[in-house]
Amino acid sequence: MTTPIASAFVRSQQRTAKQLRPVRLTRRYTMHAEGSVLIEFGHTKVLCTASVEEKVPGHQRGTGAGWVTAEYGMLPRATHTRSDREAARGKQSGRTQEIQRLIGRSLRAVFDLQLLGERTLHLDCDVLQADGGTRTAAITGAFVAAQDAVNGLLAAGKITASPIRDHVAAISVGIVQGTPLLDLEYTEDSACDTDMNVVMTGAGHYVEVQGTAEGVAFTRHEMDQLLALAESGIAELVQLQKNALAAA
Amino acid sequence: MTTPIASAFVRSQQRTAKQLRPVRLTRRYTMHAEGSVLIEFGHTKVLCTASVEEKVPGHQRGTGAGWVTAEYGMLPRATHTRSDREAARGKQSGRTQEIQRLIGRSLRAVFDLQLLGERTLHLDCDVLQADGGTRTAAITGAFVAAQDAVNGLLAAGKITASPIRDHVAAISVGIVQGTPLLDLEYTEDSACDTDMNVVMTGAGHYVEVQGTAEGVAFTRHEMDQLLALAESGIAELVQLQKNALAAA
Amino acid sequence: MTTPIASAFVRSQQRTAKQLRPVRLTRRYTMHAEGSVLIEFGHTKVLCTASVEEKVPGHQRGTGAGWVTAEYGMLPRATHTRSDREAARGKQSGRTQEIQRLIGRSLRAVFDLQLLGERTLHLDCDVLQADGGTRTAAITGAFVAAQDAVNGLLAAGKITASPIRDHVAAISVGIVQGTPLLDLEYTEDSACDTDMNVVMTGAGHYVEVQGTAEGVAFTRHEMDQLLALAESGIAELVQLQKNALAAA
Amino acid sequence: MTTPIASAFVRSQQRTAKQLRPVRLTRRYTMHAEGSVLIEFGHTKVLCTASVEEKVPGHQRGTGAGWVTAEYGMLPRATHTRSDREAARGKQSGRTQEIQRLIGRSLRAVFDLQLLGERTLHLDCDVLQADGGTRTAAITGAFVAAQDAVNGLLAAGKITASPIRDHVAAISVGIVQGTPLLDLEYTEDSACDTDMNVVMTGAGHYVEVQGTAEGVAFTRHEMDQLLALAESGIAELVQLQKNALAAA
Amino acid sequence: MTTPIASAFVRSQQRTAKQLRPVRLTRRYTMHAEGSVLIEFGHTKVLCTASVEEKVPGHQRGTGAGWVTAEYGMLPRATHTRSDREAARGKQSGRTQEIQRLIGRSLRAVFDLQLLGERTLHLDCDVLQADGGTRTAAITGAFVAAQDAVNGLLAAGKITASPIRDHVAAISVGIVQGTPLLDLEYTEDSACDTDMNVVMTGAGHYVEVQGTAEGVAFTRHEMDQLLALAESGIAELVQLQKNALAAA
Amino acid sequence: MTTPIASAFVRSQQRTAKQLRPVRLTRRYTMHAEGSVLIEFGHTKVLCTASVEEKVPGHQRGTGAGWVTAEYGMLPRATHTRSDREAARGKQSGRTQEIQRLIGRSLRAVFDLQLLGERTLHLDCDVLQADGGTRTAAITGAFVAAQDAVNGLLAAGKITASPIRDHVAAISVGIVQGTPLLDLEYTEDSACDTDMNVVMTGAGHYVEVQGTAEGVAFTRHEMDQLLALAESGIAELVQLQKNALAAA
């Protein structure tokens, strides 16, 4: 007996449930930053820059170790309807802070801060166009920008060994009308019952798992399905990171 | 062959890896709120109040549906060393916002907002003393305060059917020196490699799963161990909520 | 001829005009602070903690003298109807600032800052439940928390002589429907024509007198009656502080 | 036996202990406000304007009653050394808020808000030059500006009976080197042991009494001396208000 | 006698003193906004979006007239060294506010707000990469985005006549080492003695002239030279706007 | 053929188009500041103080050079209708920031910061009464206050040569109903099509030119007329500054 195909959610662009949207990584997208990557997950476009600053925040000062931190922003009209500019409102939303803390933790998970030395790597992830999955695109793109910045430090002789221990990438998964899907776009994200963001290393280990039941609570079986989808998607993203970094 | 017991992390108070700290739920802890519960997870003490307000935020106005929202705070000296008072600093930290958004989503997951009617249930979770697990204690206690407030609305005839569909409770799990542990206290939390907060319903379904590798990334096998620990802990907490609510 | 008894305001709990509400001082209410006292004036409950920090604000740096400062807060549902959380609103109200400045000045009045040495004593007074008189309870409780913290410094050999020169305690008095009353509870405070907060030392001298005509202005004779009431109430509070500190 | 004269504090300008500084009230100091008064207590100069706004804050809306409120500010270089501009710092200090709340309460004490009708009287008190006593000058001058604004409302037929029930004025008193003094100037204020601000009506009743021991606590006898000084000073100020208002 | 050619400032890319950098206008750069234009002045890249909102700010409500307003931002790493994110700092700098006010005024100068009807056109100008002239690029690009948004309103029948009365464009001019130059890039801007931003209509009339002596004050003769340079540059920009809008 | 006189705008007080309002400069208006000048342009009254601080902001530290900076404020009832107090609102408006940046740049244009030495000159310009032209009055008055402060530094031997290289003054010009006018008062400013603020040195060179078309864009011919008007007005103001400084 088979699950009737009719019950499954039909995705745009003939995408299957297990398929990523077209992913594009454009290095050196802007010229000033030590690393600058435009990452696209379908219509979602995030500009990730890595900036090296030769000092560390107070909690790391004098330890010999460096710091990796992230900030996230969304242009006011990256979205369907215009959102208020956070700089004009005078504060970052809880959502923004949550996302930038997640990006920072995810990147730090693959960094050896001692090898980075007493300097800070600032990762700025700014969404130019949003269509779901901005935080996972941001993590995946920020890794490539960080790698470019680290390569610059190595080339300049400022560090002698790379502080990057492994790749890190992220993807969203979710259950829409009963169907587990990989890499939700905006309309899917709005309709989903469960939404999960997964961050994994190149070795296939978990850095972050954040699952939320937007509608009904989800079962252990559903979680297993989602984790399997995410694992395969992230393996693909890590390969795409490698390809991008292998290019000149 | 067995894992040598000597390698396991030794917990304070002879606690086993699968054991909750002593949990205490004190209802009607303060007198003004519609629901007021002091919840203790060992030394962690959180005062959870539920306040009913007869209006809703803009996004719910005119829909006939209500809203459930949460705020979280920590007294300056709830912790080992004094932290700045957020009201004096003029803003809530990213951590505070993340936690109060989690509490709000967790409670909304078991509410039928239509049955609540156009009113808001404010859940205030204030940490009087912190020793790890404040957000999971807050969710578990806030549920009981919310139930008391809902009972008041039913008794007053303001609503005729309960908007609460199921219990919700939360617990932290983590891996400390290779040992998966239930309900981390502060010293365990500081030392852990992986930290996971799990929120589940009375029916045993997931509302939120937030796992973070603080040190090394964790494997799928470790995640399975942590989820199993959390499931048993939450079942116990739900029973304790029921006992507390059954008391006069 | 006598003033007809019928005209006097009748207080709850058969309290006479000159009677304090039941006062309870619970030391070591929380475990982390150097001093931690829950003070209750009837239903009013304020948690007062004293925290020692081994540095001073800029204006005292290099003087050899220490500093004593206070912050005051109210849990959102300490009151009859929920008030906004000041941390969420992003600023402390004028009332909050006025009260915390009063507490700080009152405690500094009995401290020899030179004997304290270059360290700061932070007094955090957080109202768990409000029923009038929160600022006077805060001052009276903060003194006991401060004494416990000072005793800790003496025991640890960090200071050799106590910087505390005398007790300090506070009470409110007011005129309700023509009757001068000691220690106003919330319903009395709301109805009073004149409200006065008095802070005095153990020696019976004034540290602060703040009288306000809420309705009609008050006469010199009325002020004399209020000051006399306050003097007797504070003498009682100082004795209760001594009893509490004498206990193990 | 007499108190030796040598022990008394010698004031500038041959002023006696019971003497006010030269007081000057200049009405119509600026041209736009409904009332505009420059008040001078010696070198202290405060510009007090009264502005009528034909609406009330939320808590008064629909009651038929009006509102009287005050704001206080100090030009950055009103003082000996430049202070930060509060608008640039982005918040008003606790001291500023305390003072403007005091001015507002003091003026409301002599207003019948029902007779004012649903409109707001804004009193802005801005210190152009400070030499002690700015808050008491502000209250005394704001009364005259308020009277001018009320006269305008009467003349325009917007109200038919004056909402002002009595005069209100304020003065500072204090004990400097053991000598009780009226109307402290800056050098006296800095040196004083006890500082008291007294606000009274034309009828000689108290609106506010705020006494603070800056150094040693003060006795009941000292308080009586201070209250007597204040009473005579305020009677003089009320007469000066009357003279100023009697002028064309 | 002639001015020796050797004294003139040599520009990068063989640019002459009267030459614009290569200008590129890319319409429909992002997909959600009603108008979306990436404008490039050499390395300076500004994303200008126009968003239509069907309501107006308070000051226009009920007038039948619309509003045009602008916001300006710079991605943290648009510049040589990373600047703080304004959303994280919690406020926009004076420079940012000055620029966005300038953009708003410039666009309103060519709008008939009555013909726009009671709706707001939000112009968001976000600098992706900065190399001098970001505010003039922003105005020039925002005009094209505004035109696209207006065309959308006309096409949808929401308005029947265009509210746009003329083109508007802007350019910077300055004196570097004695040589008047058109369209300063960053290194020129940093070195210039006088810097002027000029905003003109398609008809060649002035909307804004903002000239600043960064070093020595400038003469009337120099101003005339700068105005002439700006006039020719803006005529060119207006033509480029027309070409871009003529394309499909 | 002549331009019919009837078409010209008629000014209050029989003022001609080329005439300044009565200008008054009162030095030593307040007593604490190193320079303190009340400047009046007709009904516009601005108090300009210059304060010397013996340190510099971070960007100048260690350079041996000083800094000159300005802040601008408006008393709430300086205007026809009361404006919100910026200190109470918690931020300075864009207009305020724009003006104070202009004042600072204008004054720095005539200062040799090396000769000032590592100290800051703070210029505070506070509008007591507004009737148009507050920013130009502020610049013109701040120059005189700055000169007084510099004279004090010279007299005290803190500097040996004056850091002031030339006078600086400012005036507004505009086109009202087709007539170019000098020194706009409020009703003219509200009605004008073009508004220009011009800042010039004593030598007659430009420091700032800020022209804005409020209504229709303006032509080159109109700009020339405005610049000529401004030049003559500023020459007059510089002479008035000299007269004021020549007085004892």
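By written order: A, B, C, D, E and F. Residues from 1 in each chain.
Simple rule for what comes next: a residue touches a chain if its C-beta (ideal position, glycine included) is under 8 Å from a C-beta of that chain, and two chains touch if they have at least 3 such contacts.
Quick caveat: nothing in here was measured; it's all calculated off a predicted structure.
> Shared touching chains for chain C and chain D?
none
> If you take the mean of the Cα atoms for each chain, which one ends up farthest from chain C?
It is E whose centre lies farthest from that of chain C.
> Would you mind checking which chain's C-alpha centre is most distant from the centre of chain F?
Chain B.
> Just the number, please: Cα centre separation of chain B and chain F in whole Å.
From the centre of chain B to the centre of chain F is 60 Å.
> So, what's the distance in Å between the C-alpha centres of chain E and chain A?
Their C-alpha centroids are separated by 34 Å.
> Centroid of chain B to centroid of chain E, CA atoms only: how many Å?
The answer is 52 Å.
> Enumerate the residues of chain A that touch no fewer than two other chains.
90-91 - these are the residues of chain A that touch more than one other chain.
> Touch as defined at the top gives a ring of chains. Read it off for me starting with chain C, then chain D, then onward.
C, D, F, E, A, B
> Where on chain E is chain A touching in the complex?
30-33, 36, 43, 45, 47, 49, 51, 53, 71, 73, 75-82, 85-88, 90-92, 96, 122, 124, 126, 128-130
> Taking the touch rule as given, give the residues of chain B at its contact with chain A in the complex, in rising order.
Residues in contact with chain A: 91, 94-95, 97-98, 100-101, 105, 109, 166, 196, 200-201, 203, 205-213, 216-220, 223, 227, 231.
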